[in-house]
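Before anything else, here is the set of structures, which you'll find just below.
Each of the two complexes below includes chain A, the first together with chain B, the second together with chain C.
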Partner chain A sequence: MTAVVTTPAAPESVRPGGLVARLASRLAKSVGILALCVVCVFPVYWMLVTATLPTADLFDRTPELLPRPGDLAVFGDLVSGTPMLRWLANSTIIALGTTVISVAFGVTCGYALSRTRFHGRGVLGFALFVTQMLPEALLVVPLYAVFAALGLLNDLGGLVIVNAAFVVPIIAWMIKGAVDGVPAEIEEAARVDGCPRLATLRFVVLPVIKPSVAAAAVLAFFSAWNEYLFAATFATADAVKPTSVGLTTFIGEFATPMNVVMAGSLLYALPAVVFFMLLQRHVVSGLGAGAVKG
Partner chain B sequence: MGRIEIRDVTRRFGATTALDGVDLVAEDGEFLVLLGPSGCGKSTLLRMIAGLDTPTTGRIVVDGEDVTDRAPGERDLAVVFQSYALYPHMTVRRNLAFPLLMDGFRWWHHVPFLGSALYRRERSDRGVAERVARAADVLGITELLDRHPRTLSGGQRQRVALGRALVRDPVAFLMDEPLSNLDAKLRAETRYEILALHRRTGRTVVYVTHDQVEAMTMGTRVVVLRDGAVQQQGPPAEIYGEPASVFVARFLGTPPMNIGPGEWDPAEGVSWWGGLLPALPEGTMPAAGELLVGVRAEDLVVAVDTGPAEEPGVRGTVELHEDIGHETLVAVTPLAADAKSGVRRARLFVRHHGEAPPVGAPVRVTVRDGGRITLFDPATELRLGATRGVRIPTSLGR
Partner chain C sequence: MTVAQVAAPARRPARRAGGFGLALVAPTVLLLLLVQAYPLVEGLRLSFTQTALARPRAGSYVGLDNYAELLADPRLGKILWVTLVYTVASVLGSLVLGLVAAMVMNVGIRGRGLLRAILTVPWAAPGVATALVFIWMLDSQYGITNWALTRLPFVDSYQRWLNDPALAMPAVVAVTIWKVFPFAAIALLAALQAIPGELYEAAKVDRATALNRFRQVTMPGIAPTVLTLALFLTIWSFRRFELIWLLTGGGPVDATNTLMIDLYRESFRNRQLGYGSAIGVVGLVLSVAAAVVYFVVSRRLGRRYGGAG
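Take a look at the complex of A and B:
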C-alpha cells in the first residue's frame, strides 16, 4: 500500500486514487509516531500516577490510570523522612561539576584537534575514540583500585572526575567537528585584529559554535546526572550518594514502597528537565546562525 | 609610512616550493598588485606579509623594521579576505569596532559573564564610536550598523570588511582577491570604491588577484608571479606593452597576445605564419633568425584577401566573430597553421572596427602602421626586443 504512495511526483490527474492513498499514508505515519510517543511517555506518566497513590491501592486488581493530585503527602515524607534532598544536592554537584570540567577540557581539546598540527595528533584522536569502546563495567574494578589508592572513594570530586573522564572524549570530538565547520579565515581576521589565540577561541569561535557547546553541556550534565554504576561502587556513604544510588536503597528486602520510589524518581527527573529546558533554547537558536558565506 | 620589503623570501610546504626567493618592495602609498594564476604563490606571499604564515627563509620588513617574527596583530596591517571573514555573531558595528576593542583586552575578560565587558567601549568610548562612525560613513554603511552579517548582501558584506580594515588606520592594506565573490556589476563598483579608499587614505595597498583586468585598472604597479617567482614587475601599461616573457604576454590582455613561430630579418621585417610583416627595428634587436613572434590583437588589421599570394600579410580564413558592440573580435586561422598541424595557438585574434569580413572568407592579416611586434626567444620564451610595423605600400608585390 505504502509503496504506491512513496513513489514521488505521481500526478494526481493521472492517478485518481493518489490523494486518498497519500492521506492514508500520512495517517498511518501519524498513528505510528503517536504509538511510539505513548511507549516513551507512558512510564513517566505511570511514575506520576504511582507516586500519588497510597501503597495499599497500588496492588489493586484494577490499576488506576488517573493520578490523585490531592494526595501529595508522600512528597512530604520523602523530604522529611529520607536523605532525598541530600542526594539531590549531591547529584547536582556531581552533574554541574562534570559539566563545567568536561566542557572546559572538551572544548579546548576539540579546538586543538581541529586547528593545530602537533605530533601525536592522530594518536590522540584515536585514543579518545578508543576510550568509548571500553565498557564501563570493565573499568570499574581498576578505577576502584586507583581511587582507593588516591583516597577518592566516597568523594564527590572523585565522581566528577570519573564522569568527566568518560564525557570529555565525546565532547572533544563534537567540538572538533563544530570547529572544522568554522571558516579559518575568521580566526585569521581576529589574529590580524590583534586578538590573542585564547581570546579568539573565547570571543570568535565559541559564540559561533555555541549550539554545539550547549549540546555538549547537556550531554555532560545528563551523563553525570544519570550515572549509576560508578556512583554505586565508589559512593557507599550516605553523605555522598547521588540520587540514582539513593533511590535504590528504598528497595527493601521484604517490601518496596513503590509510591515513595516513584515520588523520589519524579523529584530526580525534575531538575534534569529544567536544565535541559534552560539550554535547549541555545541548542536550537544557533541552527541557522552559523552561516558565514552565502 | 608603509613601505613593505620582502627580502629573499622562500616558503616550502613539504616537498613543494610555494615561493622561491622572492624580492619585492611595496613603496609607501603604492597600489601594488600581485597577479598570477592560482597556485603561483601570490596569496602565500600576502599571508606572510600579514603574519598569518611564516617564511621558511627570508625576512619581511615594514618601514625598516623586521616584522618577520611578529604576531599579525602587532604589524599594524589590515587584511581584507576573499570570503570577507566577518564575525557572524557580531553586529556590523561590533565587527568594525573589534580591532579597536582588542586594544582594551584584559585577561579577566576570559572569565565567564565578564567577557561582555570587552564590548562596553563599543559605545562608551568616544574615540571608538567616532572612528566606527567615520569608517561607516566613508563606505556608506551607517544604516547597516546594527544588523548582522548574515542579513547583508555580498556587496554590503564586502564594504563591512573594507570598513573593518579602514577603521584601524593601518600603515598598509592587504587585500586577498576581495572582489572575486561579487557579481560582475558589483565588482566594477567596488573596484572604484577600493581605488577611492586608496586615494583618500594614501596608504600602501598590496592587492592579490588572478584577474588581469583588476590588475591593469587598479595597480600603480603590477607584479606578475608564476610558480613562486616574480616574472615581471612594473606599471600596468609597461607590463602590457613590453611583456618580459611569453607567459606574461599571454596572461595579460583579453584576448591574449597572438604568439606564433616566425622569423626575423632586419632588412625585410618579420615573417609569421608564412606571411611577411614589414617592420622597422626599434632599439637593440636580436640577430636575424627563428624566434617567437607576438602581436596584440589591436595591432593587427584584417581585410578580405584579394591580392596575389606573395603580397605581405598572413593569409587565413575567418573562423568566427565576437561582436562586443563598439568593436568586433575576428578570429582567423592561418592557412599555414592548417598545413602544419599541431602548431599551437593556431588562431589569430584581431580587433576590428566597422564591418568585419564574413566567417569563412579568405583574409589577410597584417600589422597596422606603427603596431608593435614583440619578439621572444623560442628556447627561453623571454623577450628579445620589439619592432614596429610599417605601412605596406599598395604597390608592393604587384
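Take a look at the complex of A and C:
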C-alpha cells in the first residue's frame, strides 16, 4: 500500500489526499452545475409559478415557491380579457412569412456563395458580415421614413420584409457552411446526367443539407417571433400588433394583474425556448460558424 | 462554436457561371439594399436635416447643426459614459461567467446535451418575456428578489432595483448577463474541448501548477474564441435596445440612457428624426471603430499564437 502511495509516478487519484481532493472537486462541480441550471431556468419557472397564482395571492409578503397545478383559470382570463390570441396570430403570420422569405433567399444566396463565381462575390460576403454590425436602432429611424413613404407602416408584410432582411445574412452564412461540406462530386454526377443547375440545388443539394435548413428555418421563425424594436415602432395599430408589442402594453399598467401578464409571457416564450432547446446544437454551431467565418 | 473548422474553401467551384450565381443572390441583394443600405444612406442624409417625425419626407437641410448641437449637449458625455459602462460590464460579466460555466461543464459528466439545452433557455427566451419577468422579479414591493435577499442575515431592506439611479445600471447589466452568458459558455465549451488532452498531460508531467496550466495551455487554446466572442458581445451590447428600453426606458434620471436608447427617445419621443439620426451616425462610427480594433488585435494575437484568429 505504502509503496503505491510513495511511488512518484503514481496517478494522483491513487494517493489518499488526491482522492479527497478529487471528491471535493467533483462535489464543487456538481454544485456548480446545479447552480447553473437553477440560474438559467428560474425566470421561466417563475413565470409559471406566478401564472398559477390566484390574483389575491400575488401580493403576499411571503411568496409561494411552487406552482399550483390545476389552477389554470388565469389562462382563461388571458384569452377572454386581452387580445392575446390576435397577438399570437399576428406573430405567427409575421414569423411564417419571415421564415419562407429568408430561407428561400438564404439558401440560394448561401449556395451561390459556396459554389459559384460571380462578380462582387467577395463584396457580398463582406456586406453580409457588416449587416451584423449595423445597430437596428440606427436603421429604425430612416426605415420609418422609407416605410411611411411606401405605405408599409402598420402592415404585417412590412414587418416580414424587415425581419427577413436582418436574418438572411446569418442564414446565408449557415447555408454556405453546410454546402461547403457537401462533396462537389454528387452535383457533378447529377449534372452529367443532364440535371439543370437549379434542379440540382433543389433535388441533390437540398436533401443533403436539410438539417441546416431546418435550423435556419427555426432561427428565422423565432428571430421574427422575438423581435420587438421594429414591431413596436411600425405596428402601432391594434390590429397588427404582434405578441412582443402587445405584452409590453401591460408594463406600468395596473388593470392587468401580474398572473395574467406572466401567463401571457409564458405562452409567448415557451415555443421559442422549446424549439431552440431541441435544435440548439445546429442553431448555435451554425450561428458560431457564420459569425467566425465572417 | 466551430472556431476550428473555419470555412473549408468552396471545393471545385462549378464552371464560371457568373450569371447563374448573380441570379441566385439577386433577391438577397435587393432586400439588403432596400432594408439595410438605403436606410443607412438615408440616415446619414437625415442627420443633416431637421425632420419632424410626423412628416418624415419634409425635412429641411441644416448642415452640421445637429452634430454641433449634439457635441454641445452636456448630456452627451453622460450618454457615452453610460454606454461604455453598460457595454464593458455586460461583456466582461458574460465572458467571465461564460468561462466559469464552460469549465464547470467541461468534465466527463453524463447529460451534457441536456445541460447545453438548459443553457439555451435564457438565450432563446424572447427579450420581451425576459424583461417582463425580471420587472416582476425585481419589483420593489412584491418581487422575489427583495424577498429572497432579505432572508439573508445581513440584508434587511427592500431595494427599488429599477427605480434607484444607483441600482438600475447593475440590475440591467445583471439581466443582460443572464441573457447572454450562455452563448459565451457554449462557444467556450467547444473551444475547451478542442484543446488536445495531451497538452494537459504534458503540463502535468512538467508539474505545472493549475494556474500555469490555465495560462500556458487553456488561455492560448481559447484565445481566438474569446476574442471573437468579445467582438460580438461588444457589438451586441452596444446596439442592445429592447432589454434596456423595457426594463428602465433609459431612466431613472438617465442612469441607463445608452446611445441607442437616447437615439430612440430623440427620434420617437421628442420626434426629431434629424437629431436622432445624428446620434445614430455617432453610434455607427463607434461600432465601426470597435470592429477595426478587433481586426487589429486579432491579427496581432493570431501572430502570437500562430493560428486562427
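One rule holds in what follows: the second predicted complex is superposed on the first by the 235 of 294 C-alpha atoms of A that agree within 3 Å, B and C clash if a C-alpha of one lies under 4 Å from a C-alpha of the other, contacts with A are read in each partner's own complex, and residues count from 1 in each chain.
Keep this in mind: a contact is a pair of C-beta atoms (placed from the backbone, for glycine too) under 8 Å apart; a residue touches a chain by one contact, two chains touch by 3 or more.
It should be emphasised that the depicted structure is a prediction, and the values quoted were computed from it without experimental measurement.
Colleague: On the A-aligned overlay, A:Pro196 touches which partner chain: chain B = first, chain C = second, or both, or neither?
Modeller: So A:Pro196 only meets chain B here.
Colleague: So, A:Leu134: does it touch chain B (first), chain C (second), both, or neither?
Modeller: Second partner only.
Colleague: Kindly classify A:Ala172 by the partners it touches after superposition: chain B alone (first), chain C alone (second), both, or neither?
Modeller: Second partner only, chain C.
Colleague: After the superposition on A, what does A:Pro183 contact: first (chain B), second (chain C), both or neither?
Modeller: In the superposition, A:Pro183 touches chain B and chain C alike.
Colleague: Tell me the contact category for A:Ala148 with respect to chain B and chain C: first, second, both or neither.
Modeller: second
Colleague: Touch check for A:Ser244: first (chain B), second (chain C), both, or neither?
Modeller: second
Colleague: Does the superposition put A:Val204 against chain B (first), chain C (second), both, or neither?
Modeller: After superposition on chain A, A:Val204 lies in contact with chain B alone.
Colleague: Going by the contact rule stated at the top, is it chain B or chain C that touches a larger number of residues on chain A?
Modeller: Of the two chains, more chain A residues are contacted by C.
Colleague: Return first, second, both or neither, reflecting whether A:Ile93 touches chain B, chain C, both chains, or no partner chain.
Modeller: neither
Colleague: Please identify the positions on chain A that touch both chain B and chain C, taking each partner from its own complex.
Modeller: 183, 188, 191, 289, 291-293
Colleague: Spell out the part of chain A that touches chain B in their complex, as residue ranges.
Modeller: Against chain B, chain A makes touches at 183, 185-186, 188-196, 198-199, 202-204, 207-208, 210, 289-294.
Colleague: Can you check the complex and tell me which residues of chain A touch chain C?
Modeller: These residues of chain A touch chain C: 29, 32-33, 36-37, 39-41, 43-44, 46-47, 50, 58-59, 61-63, 101, 104-106, 108-109, 111-119, 121, 124, 127-128, 131-146, 148-149, 161-162, 164-166, 168-169, 172, 176-177, 179-181, 183-184, 187-188, 191, 197, 222, 225-226, 228-229, 233, 243-244, 247-248, 250-251, 258, 261-262, 265-266, 268-269, 272-273, 275-278, 280-281, 284-285, 287-289, 291-293.
Colleague: In their complex, what parts of chain C are in touch with chain A?
Modeller: 1-3, 5-14, 16-22, 24-25, 27-29, 31-32, 34-36, 38-40, 42-43, 46, 51, 53, 56-57, 100-101, 104-105, 107, 109, 113, 115-137, 141-142, 144, 147, 178, 182-183, 186-187, 190, 228, 232, 235, 238-239, 241-242, 246, 260-261, 263-264, 267-268, 273, 276-277, 280-281, 283-284, 287-288, 291
Colleague: Across the complex, what residues on chain B touch chain A?
Modeller: 50-52, 71-74, 77-79, 81-83, 85-89, 98-99, 102-103, 105, 109-110, 115, 118, 149-150, 164, 168
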